[in-house]
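In the two complexes below, chain A is the common chain; its partner is chain B in one and chain C in the other.
Take a look at the complex of A and B:
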């Protein structure tokens, strides 16, 4: 940062969001607000079966309905397109993945045809007239069953096993040989849930026959990934695909995987003669068939501990359920290893990781993507070991945490944790919740027969990932590192305009980008216009641009910072010429004629209009040696990564590690079994904070999502693959009335890996799931119950406490004492 | 008009149930007869120790009514039905005519002497609520007959009631609910009416639970007896809201809490309760 900027320091200020005026007054522009001339409406025909052969599809009845323009089937799509690129290696690279099912359906809700009509209601009517004959096949709804391959989903692959890899580090055998205690946990299960953005998926596509260009207006949250898939699938030059996003009402990762629907809308538009086609997903479609989070089962876990309760080794077998199509997903087979040891110091471990397809909705990135399952597993293991060794949960963690003086800390698999202070976070959380006080109350309450538990969850939100980790899944993939683009310019009249390749969904990118540029140029953020929302034609994006994976504060703002500095350097050269001085003599600020550059020696200044005018509209005044100046500066920031060692599965996988430490006091009512949160604390460390209210807001959001996931939100399938939670009557997203009063605290351990010390944040590691499991566990250990599932509601607690259906400790957990 | 339009025509009151069913395309009526324009169908009056509710009186109007507030159990119910938007549209007459097993009003009103006044082509008739609702989604209303008014007796001196429903979030149906209306004389329970909601095809009156309280001093023992009787009387189905066993236990627990609140209210205490959320 320039010395002038340090004085003002907009970064770190609680600047109100620039977006607020638009969004809070209902003046935002969302995809469904867009109405185009001659626009048509698309409705999908979806499978009622989880697994079935498509015997026949008859769309003639739908096509005959007045107002229906055309229908599209999977067979037509297969004739006109290439199957989607598969990320995983053989044999799953061989599967034929089309956006409409061709010969069989593989999950309830899978689209197999589409109708296009003059109005949404007509499209709905037409969809009911499509006749489909199915021949049901055996459904596979459980990942471990799927691995027996009795019923195969993708014949081209010949197996339901998508991927398997052994992640082994250190000397596991030795650690177990020397262990004072060995704790075995038979199984644990992380449930399937999703995100419930206020706005569902929306796609408007126009495949213009005149210039063979496809124009998308949509709310996909990773468009540069989508266009790479779409160009290959549709067989068009990537430059012919324009994607524009506007305001987005939440994504949480789920909107990354809308590219199949984007493909169908484009094909439908082409078939309709180039008229724009809009698809607005219904809530039930969103719940049943957009994307769910990964479900994961943890089998045969063995933990070696020394006599002090320090964990020395963990071995386990993890089975991940990715639903019917892997798509983006095999990346989830490695992304969890960004946080391989969690916040703990153990050096020896072996995780046997498998992923299977099942006849359920495909999974996709879902806030806390792939890491939260693993972090929940580690937190459960730590609590179970603590209880078995009779060590308090807080003490157990302190004995096992990576210590503050060990940062930067290299994990057994080569990741570098940039900074952190977990004991300090714990102390702050204890102070905020009144730990000692609650411990006393708990003792009294237990004597009264009440079930009160206090739980701790410590998690990581790894941000700015190294796409080279994809090569651990498939060594032939051409992706590595990470980059983000930004553009910073002085427009003809001297306005400062910043464009970024991100598509924010409430993260306040307009505000934080303006804060960064304001510091570089020493002007007020209100003088800076920030263009967010993806648009391929702004030419700022790289192959990784989008908004996902907790990274904007690092990758996005580093790109903005780089572009602003590049612009400043050009402005300096220009001002030195205009003010007849040298560059060292210049200072930036705001004068009587607005933002300007001043010569300290003479006091003469030139404002931004004057500078821009020289380049854009008064160029005869410019000497040839300055012709190269454009005042339109694109900068690409690249993360300093190497390609990981794919054989050893070793390398730096993410740049920053934000941490969360949550504490909850939960009571299970003895009559109604309703779990109630009596107190809740969320302590966050995302390094240097760019804008405190934006960070705090995202912490509340992630906390709500996590509490909802822990107690309310569960995607339930029956034995034949019917989804039982397809509306908000059965899938219950958390609302304000369900939320406890969250006490927020934060510490800052600046990251040495980012220019500003900031760490990516927003996903929050799903800390509430771990914390509530821990608190319920604390409440129920005495009843001999082990919380073996990440989802717990009144009904499951009732079953646990009455019928002891949830695993009893003596069956689920075994302890070997060798001291 | 309904007789002319035939069986496929549907009556629209607040739309609390019909509109979602149409949205999901489960209901596809040929015609909708909108009652909302008929004047004089929304009112709350107190006459001769009885409250009279026009059929189209909205839940929100009952929630805000000082007249209805005299019977606290009515406020408990009105204030907790679904969310604000639904309470502004949904009607007491529509709720009874729909006879949804998960509806709130029938469970509450069945604990009070409630009459439903119906109007058809052949004239008007009045019948007790317990006779009006026959089964899940089934009433004695003829196709061309409408609910005109709901009339209920103000409970006698010493009366106190409470309605508790557990639901997972505002817009969803309760997992189970319990209405308790007691008449107390000192610490003796002179009379008790109990109803369980969402745990059977219609609201269930657990007679044995009522008998366990009637004429008794209410102690932990009598409450436990009432709970156990309620647990046995409940006849729920397992669904995404909970297992049948859990719903029985929950309904019984809600009965116990509602008894406690009803006693306090009968003694003149002001107690605020409404639906319970997870």
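Take a look at the complex of A and C:
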């Protein structure tokens, strides 16, 4: 037996992932692997128009096809259900959002009918036979145009403005009065892109007519949120909805908003007499119709700076485009303010934030949700000011960063940044990339006429939301704080089994949860079974359970840790009785008969089977005072939040703040205008690292996603709302072929806000988008170009450099010098 | 995705003869490229079925046509709306007729609008294909009217 004194900490070790064994051998179980008896297959009929009235739908041809079981239309769904709950206040609370369009369609790809057949191919054929007559309406594809309300999407709301609020802190006017420089930026634009998980959305639903229970097997990544929407929509008690997830091939947030498709599958199952109905999303459906990230335009930005280039105030007007239906919105209208000042120290700011609906795919919480747009904006502002004032970009940041000795740092809007050391991250990144060498090479290259830029992107990954911020957008919402549940038990034969309310999509939750429990019980992680996926019937979830918003290391593992501590406490009481000693005399470890608890004074021990047997199968040996022990311990972890001040928009909105600092060297080819990454560094600080390879892997993933977004991935719509990038021919996801070699580094500034010092991570704050914009800025500023868009490819760079159509500094930026 | 086109040609017929030809679906519709069949509903409405082949999207399109302007012998305009695998197409084709030395000058204008996945999948091919097919139609008209 290993004495407790020799305990090895598993947290922090590079333990291979427990998941690899099945995933790398092709033995994972994904939703589409599930085959059920009498299963049917559903296909959606989707609108080719971005905005049109539905004149008629004729499904008779489809229903007459042999093998077709039933069809559903929006009208039928509306008769049987309630519209989905709206998160936002009036007037958008009045809109009628159904999973199938009822009287009009509002984006290309919107489903308006569904057919259900005995095979996927039959369902495809049947879908072709559905006849729909449309009366096209004027589409609105630009959020700023939408705000003119010339063409209204939702008549019940009477406006396209979903939400508006002013976030003002400090004394903005005084800061501008005292400024040495005022920099004005006419507009900046953060483009619309999405995620391309290997596995698209999949739903299997069975509405059992015997007990009116609905059983979902699916890959939704926020099931506790989905069931709240579904229960109200379908008119069933929430306990009658079971959601089970298994292995999930990536989500990046986009799979949070699959509840409309889940609703249709359940209704189709009911109509089909309770047979299970499966829907597997095609890639084009995913790109056009699942969810996109928020597009945002930044107008009329003014920046006040002192004589040293220190930013003292920022004002700006932000217009967010949430697509055709708010769904998860308008939460994004406040979530960005978790990182209100970014990594910078300015105290005075006023942001006028509006969100509009447009005839485009609804948005969803895409990796870095709502915050990356704002962080990109701040990084652009910092860089533009640096170039205009002729301050080196690194020096500009160092002058404006929150200093290491200022943590915990309270932002102007009341968020508390837990820890960080941004200058140290910058130095590490410089060392890794060879900053001075590249600066020398850049000078030589420029003399040769080459366009090479070196960019810095500093960003935050705020994790573990305070859902009380939802009350800033709608004071009537009943949500606040954050919680996560976990269960830790000794099974009847003494196996340690852990269940947690997350639904991992590649983040290694089974491994890290086992590491945490292994440390509590002083046993090897391989002796711990962590249940795969999420299941409402495990009864470990809370209203916030799922996997999103960079929080598992804090919320999930805190819950696991709490449950393990409770189990350990029960085991101690039981072992003290069995070994006839007191609890202080006990130590935990592994002996000849496996994991055990041992009395230090006598050397007697009892293994886990013995303990479990006492509770489960030998209970007559238990004294009554131990009857309350179950060795089946549920723990709910709750984040220590308060409800924010909704009027002042002030409060602690997030618990932890991981940081990323990336550097890139980018060259724009003078003949082809193709931007090419010559060197790349990603430095991460997510506090105490639970499992280094898992963290490193997620840094690479987030970096790849961001580089793809910066250079390749763009949801392009034409003037009538056709999405022109609906396949991988045009929406080009990044692959290993396009990835540069990324040099990875990390520092650890432990969080005082989590029990382990860990901070949530994985989203990466879209650092590459900021970084590549900065590098392009560095390469092109001398040519009179200001990078004003987050998406830059050869076409846009050609239009900027040669055609002079966009990004011209003299039209975008004005500087007022008062010194 | 909108495709606009236009042009003019002359034929050795009177404007009345040209107008009567253009507004007679039985004469006009078969000139449509890859015409398959037609059903006349009334004097101003008819349906045509045409073959469509754009890259790997192949099939038949049912197009409902309406004669929306009929000002004999000056102007005729058709509007059409069709469904094809991968999307919908709406089109407008107008013909302005004026007497010329040799007969009639026909000035034509058209616009086709594509909706749906077709616009993305076949986006780059649509404009040249549309122009090619339209030229076929115009050539056919000229031949028929000579």
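Operating definition for what follows: the second predicted complex is superposed on the first by the 811 of 819 C-alpha atoms of A that agree within 3 Å, B and C clash if a C-alpha of one lies under 4 Å from a C-alpha of the other, contacts with A are read in each partner's own complex, and residues count from 1 in each chain.
The rule is short, and it goes like this: a contact is a pair of C-beta atoms (placed from the backbone, for glycine too) under 8 Å apart; a residue touches a chain by one contact, two chains touch by 3 or more.
Quick caveat: nothing in here was measured; it's all calculated off a predicted structure.
Novice: Kindly classify A:718 by the partners it touches after superposition: chain B alone (first), chain C alone (second), both, or neither?
Specialist: Second partner only, chain C.
Novice: Between chain B and chain C, whom does A:730 touch in the aligned arrangement: first, second, both, or neither?
Specialist: both
Novice: Which partner does A:48 contact after superposing on A: first (chain B), second (chain C), both, neither?
Specialist: A:48 contacts chain C only, not chain B.
Novice: Could you say whether A:108 touches chain B, chain C, both of them, or neither, answering first, second, both or neither?
Specialist: second
Novice: Let me test your reading of the model: by the given contact rule, A:158 touches which partner, first (chain B), second (chain C), both or neither?
Specialist: Neither partner.
Novice: Touching A:134, do we find chain B (first), chain C (second), both, or neither?
Specialist: Only chain C; A:134 stays clear of chain B.
Novice: Based on the superposed arrangement, let me know which partner A:594 touches: chain B (first), chain C (second), both, or neither?
Specialist: neither
Novice: Looking at A:793 after the superposition, I want to know if it touches chain B, chain C, both of them or none. Which is it: first, second, both, neither?
Specialist: first
Novice: Which chain makes contact with more of the residues of chain A, chain B or else chain C?
Specialist: Counting contacted residues of chain A, the larger count belongs to B.
Novice: Enumerate the residues of chain A that count as touching chain B in its complex and touching chain C in the other.
Specialist: Residues 128, 284, 724-725, 727, 729-730 of chain A touch both chain B and chain C.
Novice: Provide the residue numbers of chain A that touch chain C in the complex, in ascending order.
Specialist: It is residues 47-50, 108-109, 128, 134, 136, 284, 288, 718-720, 722-727, 729-730 of chain A that touch chain C.
Novice: Along chain B, where are the residues that touch chain A in the complex?
Specialist: Those residues of chain B that touch chain A are 24-25, 166, 168-173, 175, 240-243, 245-246, 249-250, 252-254, 256-257, 276-278.
Novice: Quick check on the complex: what are the chain A residues that touch chain B?
Specialist: 124, 128, 284, 669, 671-675, 711-712, 716, 724-725, 727-730, 732-735, 737-738, 793-795, 798-799, 802-803
Novice: So in the complex, which bits of chain C are touching chain A?
Specialist: Against chain A, the touching part of chain C is residues 1-2, 85-88, 90, 113-121, 123.
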